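Listed after this line are the structures, all set down as structure tokens.
The two complexes that follow have chain A in common; it is paired with chain B in the first and with chain C in the second.
Our next item is the complex of A and B:
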């Protein structure tokens, strides 16, 4: 069906097609990404698991997991939400369904190729920016630019005078992440090595997290929570505070990721203050959303999309408390290079961001398919596998990180630290596997929704109808 | 679009513009969504102020800094003493040295020693290096050197030129990064106040039905 629409006239493509293909692609990559995560975690928990084959070595597999989740699941879920929220918020239709379909097509092709190359060991060798530069150029010009054109043009053709806060973030974040990807290629393109390469690597990683993964997830919540609850967004003015604080405080030097490196100390000080100040947009966002929930807190229990969404918002609190303070000199010397950071990264990507996106994908797919969710039971099963699995993962890795930190500081022999961490590595695998299992259930549930979900009448929302299963 | 400056903390927009904005918020639905004009709750405002204060306080280089070589001078002096030599185990020796040096130290030095305990083996390794610098062979004074495990290295800072003709290599408690941040945060706050005060005052709520 995708191939048919790729060469059809724009007007002949049903509205919402791009959303649906983006949505199912994102869930597929979430299954792949978390499946790889579970596989990799098993290698850490059980060292004899799949040995002797270079392709399945941890060093080959790790970055495939990371990029499958970031560019596959998270970014495609963003693409999906942009395809339906941007036009909805402008009371218009998507500027080009055809461009949206080509974007999702090229995205899947490019990502598959990129991950295959990573798996083969063809990599830039730089964390989070592991893809080689030609693939990154495909990401920039084959994925982000077409996505951006569609979003910007839809906003430009809106039928409202104002622009809703979600669309501020969508429009700005696509632009910023393109700049981040372009600058992020400079070590490869200009043969920058040593400290400069390290610095640019973490400038890239910092800004992909802060100008793409977390703010777009937050932008999604500005849509889903008012939409689901029927309440107006609590405050337009707090939205300003959130948006501009992200732009000002997150886009700064990022040298607080390299506190032990011989970068100029003043640059670290500059970045470190900004690192704590990231709590400003975080507080603004959380307060705005939680106050929007006023009078509708029962939905946190009763409505599965709200449950996912508010869980993501609540996880933003520990995420930013950790993120704000763990980069300071006082704490970083202890946790740097330990499992604590791995736990924190998963709190951001698998916790806050993924829960918010899952809510939007659940909501958007039902709306665009015009079908009610196939099974509430399966959706709740997904939620509980997701949250319990995530918590097991996060808590166990945090403890493992503290053990590693103590081992590092008190110069405990490395092998003793490895032995002490072993139970937590098993817990990590259990938690990650639960998340993976939940996602398989989700994919099945959404597939069945597309095939057998109850039809939603015109003018109604899926969440207004009663579940049948 | 005119700025109104007579009540800057109430609103920077004139009455006509405030009414226009409120009317727009009431009329316009973004895909069925609307926005309120509620103020930032006072506890949140307080929290934001606390965050800014905390950001500067907690990131000062003095927290989490590496130990400087000068804090172990008394350790080096004590390690060859008869009392220490007569002790049987490294633990006993270090315990005695740490307690004795701690008692002699001023409050700032005591804090540094508490944060940076030293093992006997590391003391054996760094002692000759400290003595070498003390003997005048080092270009810089001892407090310009960091202790990195079992070795000593010139600290990675470039401060002011001193009377001795060398550049100070001590970790400052305030630096250029903070100066930039003071301006950065100030500009942000000023801009945000202008942006938010251009909106209708929070006491004027749109009727969102």
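Our next item is the complex of A and C:
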């Protein structure tokens, strides 16, 4: 079906096709990515499980997991939400469904190819930037640019007067992440070396998280929560505070990832001050959304999409508190490079961000398919596997990180730390596997929704209908 | 629409984002440029070559087209003994030079000047290959290390130098670091003892000038294993390393490090094919108490990946 549409005339493609393909691709990559994560976790707990071939070696799989979840799941879910939220907020149609479909198509091809190469060990050796530069160019010009054009043109052709905060985020974040990708590639393209390379690697990593993964996730919540609850956003002005504070404060503290490297001291100090200032957008966002919920808190229990979305927002609280403080010199030296950071990374990506996107994907797919969710029970199962699994993961890695930190200052031989961490490695594997299982359930539920979900009558929203299963 | 808010907004985004890029990109680049290469920095870049990781010369990231480090105890041209032995970095014809040779400004003030004046690096040619060494000199009353193009200053050719050293004194350091990258060792290990508390366990943190010309640096951000920047000064046993890579549990029963037996390839040092299945069966017997000793670990072949990896660890990580 995708093939048919790729070469059809734009007007003949039903509205929402791009959203649907994006949505299912993202869930697919979520299943793959978390499956790989669970496999990796097993390798760290039981190193002699599946050995003898490089294809299943931890060092070959870890970056595949990370990029599958970031570029496959999270970013595709972003693409999906952009395809339906941007036009809806501008009271218009998507500028080009066809371009949207081409974007999904190229995205899936490019990502599969990139991950395959990484799996074979063909890498640039730069964390989060592991893809080799030809693939990165595909990401920039084959994926981000078309996505951006579609979003920018849709915003430009809007039929409303103002621009809603979500669209501000969408438009700006695509632009910024393209610049970040281009600058991030410069060490490979121009052979920049030494500390410049090290710094740019983490400049890239920081900005991809800060100017893409977290703000776009927040932008999504600015749409889903008012839409689901029917309440207007508490304050558009606080939303703008959030937006502008992200651009100013989040783009600067990249060097807090390298606090113990011989970088210029002024840069590290600057970074840790700016890093604390990230709390401004963070608090603005959380407060704004939670105040929007006023009078509708029962939906947190009764409606799955709201449940996912608000869980994500609540997880943003510990996330930002950790983030703001763990990068100051006083604390960073204790937790740097330990499992604490892995826990924090999963709190951001698997916790806050993934929950917000899952809500938007649930909502958007029902909306575009015009079908009611197949089964509430399965959705709740997904939710509980997801949240319980995540909590096990997060708690166990945080403890493991604190053990490692203690090991650092008391200078115990490293192998004793490895032994002490072992139970938590097993717990992490159990938690991660629960998340993976939940996702398989989700994929099934969504597939059944597309096939058998009750049709939603014209003019109604899917979440207004009663669940049937 | 009198007030064009999207125009105003877009300009604002450009301005603010541009401003923060200036601070975070332009600012530090000045500091990095003033870093003077140390001996460690020069040794690293000369032994690693242009790029580790994906590149034109090594698209499969398997360590092709890298320089070879040799330990010389006599002069390849004159045959005069060199005591103590020195390191030379052999670039066979066609092997790409390290960044500092092509762009001496990367070496930092002083090192750049001496490498050009006394080291004659600008006369090195890629098509005929070259041999480099690191020498000591004085610049503005300060002692600095600089790169010497021994092909120009002492007439050492790549071929002769390799022959003089022989395989026993050749170290495949560039290839070794490539394996470190492609096998993902850096997802568990770090190459950056932290400035605050790692001195006792993992040794001295690196300096500003230790990295000029290295690409990628691969510090690693997530430590599940010891920092190995100075591992060779803790443990320089080739035998231990060999056993440890084949199966870490042979020497450290509680290790979570993966087995890297597949880096041995198909044959051992004597050209016999390695029977992994038998080894595993014997090892399993040993674990179950049916054997007293663990099976012998095969000796790595000359051109095996694990040989290069151990070369890199024992030569570079001191």
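Heads up, the rule we're going with is that the second predicted complex is superposed on the first by the 468 of 469 C-alpha atoms of A that agree within 3 Å, B and C clash if a C-alpha of one lies under 4 Å from a C-alpha of the other, contacts with A are read in each partner's own complex, and residues count from 1 in each chain.
Convention: a residue touches a chain if its C-beta (ideal position, glycine included) is under 8 Å from a C-beta of that chain, and two chains touch if they have at least 3 such contacts.
Since this is a predicted model, take the numbers as computed values, not measurements.
Undergrad: Using the touch definition from the top, say if A:57 reaches chain B (first), chain C (second), both or neither.
TA: The answer is second: A:57 touches chain C but not chain B.
Undergrad: For A:336, select first, second, both or neither according to whether it touches chain B, chain C, the two together, or no partner.
TA: After superposition on chain A, A:336 lies in contact with chain C alone.
Undergrad: Does the superposition put A:248 against chain B (first), chain C (second), both, or neither?
TA: A:248 sits against chain B and chain C alike.
Undergrad: Considering only the touch criterion stated at the top, classify A:325 as touching first (chain B), second (chain C), both, or neither.
TA: Only chain B; A:325 stays clear of chain C.
Undergrad: Looking at A:268 after the superposition, I want to know if it touches chain B, chain C, both of them or none. Which is it: first, second, both, neither?
TA: first
Undergrad: So, does A:155 touch the first partner chain B, the second partner chain C, both, or neither?
TA: Once the two structures are laid over each other on A, A:155 reaches chain C alone.
Undergrad: Taking the superposition on A as described, I'd like to know which of chain B and chain C A:423 touches: first, second, both or neither.
TA: neither
Undergrad: Scan A:226 for contacts with chain B and chain C and give back first, second, both or neither.
TA: first
Undergrad: Using the superposition described at the top, determine whether chain B or chain C touches more residues of chain A.
TA: Higher number of touched chain A residues: C.
Undergrad: Which residues form the common part of the chain A surface touched by chain B and by chain C?
TA: 161-162, 244, 248, 252, 262, 267, 270, 333, 411
Undergrad: For the complex, which residues does chain A have touching chain C?
TA: Touch list, chain A to chain C: 43-45, 47-48, 51-54, 57-60, 62-63, 120-127, 132-133, 155-156, 161-163, 168, 172, 175-176, 179, 183, 187-188, 191-199, 201-203, 244, 247-248, 251-252, 254-255, 257-258, 260-264, 267, 270, 333, 336-339, 341-342, 404, 408-409, 411, 414-415, 418-419, 421-422, 425.
Undergrad: List the residues on chain B that touch chain A in their complex, please.
TA: Listed in rising order, the residues are 24-25, 28-41, 44, 47-48, 51-52, 54-56, 58-59, 61, 63-65, 119, 149, 156-157, 171-172, 175-178, 180-181, 184-185, 188, 191-192, 195-196, 199, 202, 208.
Undergrad: Inside the complex, what are the residues of chain A that reach chain B?
TA: It comes out as residues 85, 88-91, 160-162, 164-165, 223, 226-227, 232-241, 244-245, 248-249, 252, 259, 262, 265-277, 279-280, 283-284, 287, 291, 324-325, 328-333, 411.
Undergrad: Would you tell me which residues of chain C are touching chain A in their complex?
TA: 1, 5-6, 9, 12-13, 16-17, 20-21, 23-25, 27-29, 31-32, 35, 41, 45, 50-54, 59-61, 99, 106, 181-188, 190, 192, 194-198, 200-201, 205-208, 210-226, 248-249, 252, 254-262, 276, 280
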